[in-house]
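Got some structures for you, see below.
The two complexes that follow have subunit A in common; it is paired with subunit B in the first and with subunit C in the second.
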Partner chain A sequence: MGTELGKYKLCVSARSTDKDILKKAQDGGIVTQLFKFALEEGIIDGAIVAGQGDEPWRPRPFIATTVEELMTTPGTRYNISPQVSWIKEATRSYGLDKVGIVGTPCQMQAVRKGQLYPVGLRDVDDKIALAIGIFCMENFPYQSIKQLVEDHAGMKLESVKKMDIGKGKFWVYGARGQVVQLPLKVTHKYEQPGCHVCLDYVSNLADVSTGSVGSPDGWSTVFVRTRKGDDIWSKAIGAGCFETKPIEQVKPGLEMVSKLANEKITKNQKTVEERAKFGVNKALRNPYIKP
Partner chain B sequence: MSKVVEISPTTRHEGHSKLVLKVDDAGIIERGDWLSITPVRGVEKLAINKTMDQVPKIASRVCGICPIAHTLAGIESMEGSIRCEIPRDAKLLRIVLQCANKLHSHALHNILTLPDMYIPGTDKKINPFSAEEPVRSHAKRIVRLREIGQTIGEIAGGEAIHPSNPRVGGLYKACTPRAVQKMYDLAKEGLPLAIEQMEFMIAVLRNFQRRDWADVGGKQIPIPKDLGYHNQGYMAAHPMYGSSNLDENPGWNPERWTDVRPWDWYMGEVEVSLADPSYPIGGTSPVGTKANPQMEACTGVPLYDGSPVEVGPRARMVQFKNYDEKGTIGQQIARAMELPDCLYTIINALDEYNPSGKVLADYIPQGDGSLGWAANEAPRGCDVHLAKVKDGRVLWYNMLVPTTWNFPTCSRALTGAPWQLAEVIVRGYDPCVSCATHMIVVDDDKKIVAQKLIR
Partner chain C sequence: MAEKITVGHVHMSGCTGCLVSLADNAEGLLTILDKYADLVYGLTLADVRHIPKMDVALVEGSVCIQDKISVQEIKETREKAAVVVAVGGCACYGNITRFGRGGQPNQPQHESYLPVGDLIKVDVYIPGCAPCPQLIRNVCVMAYLLLKGTKDQQELAKKYLAPLMQLAERGTEACGCDLMYDVVNQGLCIGCGSCAAACPVRAITHEYGKPNVNREMCIKCGACYAQCPRSFFNFDVVTEFEAISDLIAGALK
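The block that comes next holds the complex of A and B.
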């Protein structure tokens, strides 16, 4: 297709040079490290990240204004954290002027739309200093994650140490060392139906987008997309925050990202087209084209 | 024989209003009627049977300039009815919010009123992009003061216009230490600007007072020394914030308030017999136009102790600070003097505020239908909201908005001034006509008598 990876200035495989971050991170610790750098340098004065919610493995948007707070949040939780719902509050009762936000491709779309048409987001649009997007094939509601872990993987959510999606499987790592892998065929029906109209795999609208796909274990693929993202990324590289490798030299490389992105787009395009015929004279509008 | 002039619509203030003036041969006003011609919105009717949380948010929508005052007055009247005391830190943030609103609103008023008084022969449009100095610097300062007010309001209230944070029982969210610091810094930045602005306003106003004539539409109009004087009383509930029926010493008394219908107050049908096409912005209404203030006025006439009263910055100063200057100039000076006061109050409230304190009452009663009221000292004066809440639903709601009080008072103050300066007197009240446009008229027994209009 050629456009599946969106526009970008730079693509590398990278990981954080901070051992603490790597220990807690899902892959290369890109998001945590980049926010940490931006906080320390005053590029942002707070970041909206996915913190720990009231139930195990349930994320909740959390506004980290110090590195210590940020360090309580690394890792992926595979269910929905409504990041954008806090973007206004961050500029209000938290008093932030330069907000960092991390989110899925759909959340990046929402952030950009909010910047373009700040309806209900008065004085928020100019305060978004860094938007980091993550790769996303689909997301799960919390109930789905509970079902997958407790019924399919036979583990209590409390005893899960890490969850991961990779190599065509959903992995659940238990605290006592047990590892369960579920084929993605099983997880499909638990996906959020809203995800099936999304045609963005790699957060096309973020300043910097990142995900594990395309890079070796423990590393992440990073797309630097905007001028702002490029500026912050090069400063971070200059400060020695990241180890990088050219994406051409790593396995499986960009082809893998392209392959998955195309897979997502082709699959979801069908749903989009189907929905266009949905209902009686009231087809659902395709959000990716002009009406 | 007296002639009739009509200025419709009046300009450089919020809302739609008009002036119907009976003048003598020299053009001096013998009787003036200033009335609202903004259509009635019927918020009081909309409120009935809504939840007590919804109503203040709806009430806030009557106006975009002082939505904060309406939200706070609405919420506090609900709290007054259900008898709910709010935590101290919530009260402090509400005070910050109130002063932020007052700061930006007063600064806005300066933009509207200054063209009447500013140095003759210079650019009188208060425009930060003006080619002339010093008007450009003055405009920039005013704009910055407004920005500071709006930003502080946004942080404390969630939104500068129609604040989302206040709720019945306190506030939804407390401010973090960082947010408090930001508000404090902004207030500190604003303080010297506000003092400068106050001194500038007083200088301009005193200069206007010393002039013999003002230029209106190319004509020299003599300025009377008693411009805008009236002999009515003053009403204010608090020097800065407000009062409610939960206070130990309430600053307002619902027993002293009555309403009369506009057709008992304003003049009947008249025909315009004097017109001046050179009057600014399109001239006055042509000769032969029929005006009927009795029927056209869209507000009730509220009385306190049976007579119209003035509310606003001067009323606050007269009641609490022994201020005694009368007339339009005195009124505007009182307003200018409130600018630094707003910032001092914000700074003091933030000093006392504890970011880890609670901002929501532990228990919020649902109400038994008893009357609650809150008199909030909005930028334009005492904004009284009255409510009866039962089981969380609003049974009855009423708003007595500052400009509603000021309409009849200002009409009296017009007498004795050249008709060309009537608008200057009106602007001195910083009228906000839209929110003043309500139609609940009660007689001495508190029975609603203007039912046919509110239906």
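The block that comes next holds the complex of A and C.
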């Protein structure tokens, strides 16, 4: 295992000790529980989470400043919520001094770039109190999710209870108990194209990153990466927010996370290289070289 | 204490908002002036008539080519300064002065405003309107490390400044359209929303998960594209965000 998992101080398998959170959560309820704890302790005074948008299963960035508001948002939507678009507004309209934000690896990259190169993010850099990153293989535009659920799975979006990607399949759970699984082969072509040059699977730049991969059902794998992340995580553990198991003792464990991370990075690195000779002596732009 | 660098603020056709942004670093600015930089030139701030020799020139505003003194001064700036930094949208890209066509009282014939880079070579860009105080601060600290730091610090400063130097090489035109041309059309957009957050005039919304720029509102400051994680993303620097943030905070103590 090398650089594919990023820098981290600690890795465990964990789940929330709050029954209510677990009931609504995608897996171990890590994001919701950690934000809840941080809100209650005043470590953050609001969090940019993915709230409910105008259409069913369409997320939009939502600033939760209370636990009640936060509790309306658990779960994964598998389509894009422009989380970073609210990062300056959170410190202005909402007057937050300590901002929490949850996002995908690319959104964590955007946050950290924004802290080091704040071109249009006045007075934001020192107000990011807790950035939680999720594991992400790729994301989907809303229209793609609609197409997958309504055309391929034959269900109305409004009657879907849960979506999940796991065990090599895209799962759609209906409100009446029906379950449709689509092979990932079907979903691949609907992925957001921008994801195909992404070289981060486990949110290397978050304070704390989490995802289901590596842990048993109902649990999440957690990486604690930064000083801030470590501080908050250890306080949360001290307060009894999480049940944890050493990652070495769970199946499928860290090896699985590493395997998927390497798969993503290798595949996308290849895409980056192919873009360099995409046309006839004409390259597509590579953001990792220059603007 | 190590030797300080010399810095000047050169005021072309701008609104002084960039200078205010520099000043908005408050105590941070005092620390910079105390420890790292002597202000050797600056309208209202330094009692110096002619542009002196200096390490770093922070240029604000675009250049009115009908104004002989501006043209002469910007050329002189290039001669006298080791490093020229275009601070703010006007100096980098023209920004709202791109919409100028003369006719204003007193000097109605002053109608053509060019980004600094159209007349002289610019080394570093700090886009945005107004540019962010913290980015100006970071560039000042890095410029100091580049000129006076240890070998390691110089290496870091070079890496940090590289994308801002590449932005300067990239050209003198910016627009919300860049998000389409160089990000969405290139298959690179990830819909994160950085552009919308950075836009000072709230011209950017998201449609189909991608930015939608209201071009009537866009002032051509260049903030959206520069803020986008898919305009540039330098792993060697951003991955070290914790250490670099510590370094900058430490430098300003």
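Simple rule for what comes next: the second predicted complex is superposed on the first by the 277 of 291 C-alpha atoms of A that agree within 3 Å, B and C clash if a C-alpha of one lies under 4 Å from a C-alpha of the other, contacts with A are read in each partner's own complex, and residues count from 1 in each chain.
Here is the rule we go by: contacts are C-beta pairs under 8 Å (C-beta built on N, C-alpha and C of every residue); 3 or more make two chains touch, one makes a residue touch a chain.
Quantities reported herein were computed from a predicted structural model and do not represent experimental measurements.
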{"item": "First (subunit B), second (subunit C), both or neither touched by A:Ser85", "value": "second"}
{"item": "Which of subunit B and subunit C A:Pro141 touches, first, second, both or neither", "value": "second"}
{"item": "Partner with the higher number of touched subunit A residues, subunit C or subunit B", "value": "C"}
{"item": "First (subunit B), second (subunit C), both or neither touched by A:Gly51", "value": "neither"}
{"item": "First, second, both or neither for A:Lys113, with subunit B first and subunit C second", "value": "second"}
{"item": "First (subunit B), second (subunit C), both or neither touched by A:Thr65", "value": "first"}
{"item": "First (subunit B), second (subunit C), both or neither touched by A:Gly174", "value": "neither"}
{"item": "Which superposed partner A:Pro216 touches (first subunit B, second subunit C, both, neither)", "value": "neither"}
{"item": "First (subunit B), second (subunit C), both or neither touched by A:Asp123", "value": "both"}
{"item": "Overlap of subunit C and subunit B interfaces on subunit A (superposed complexes)", "value": "88-89, 122-123"}
{"item": "List of subunit C residues in touch with subunit A within their complex", "value": "21, 126-128, 130-135, 138, 160, 163-164, 166-167, 170, 182, 186-200, 204, 206, 208-209, 221-235, 237-239, 241-242, 244-245, 249"}
{"item": "List of subunit A residues in touch with subunit B within their complex", "value": "45-46, 65, 88-89, 91-97, 122-123"}
{"item": "Of subunit B, residues touching subunit A in the complex", "value": "151, 154-155, 158-161, 165, 173-176, 178-183"}
{"item": "Touching residues (chain side subunit A, partner subunit C) in the complex", "value": "7, 61, 79-80, 82-89, 103-104, 106-107, 109-110, 112-123, 125-126, 139, 141-143, 192-199, 204-205, 226-227, 284-285, 287-288, 290-291"}
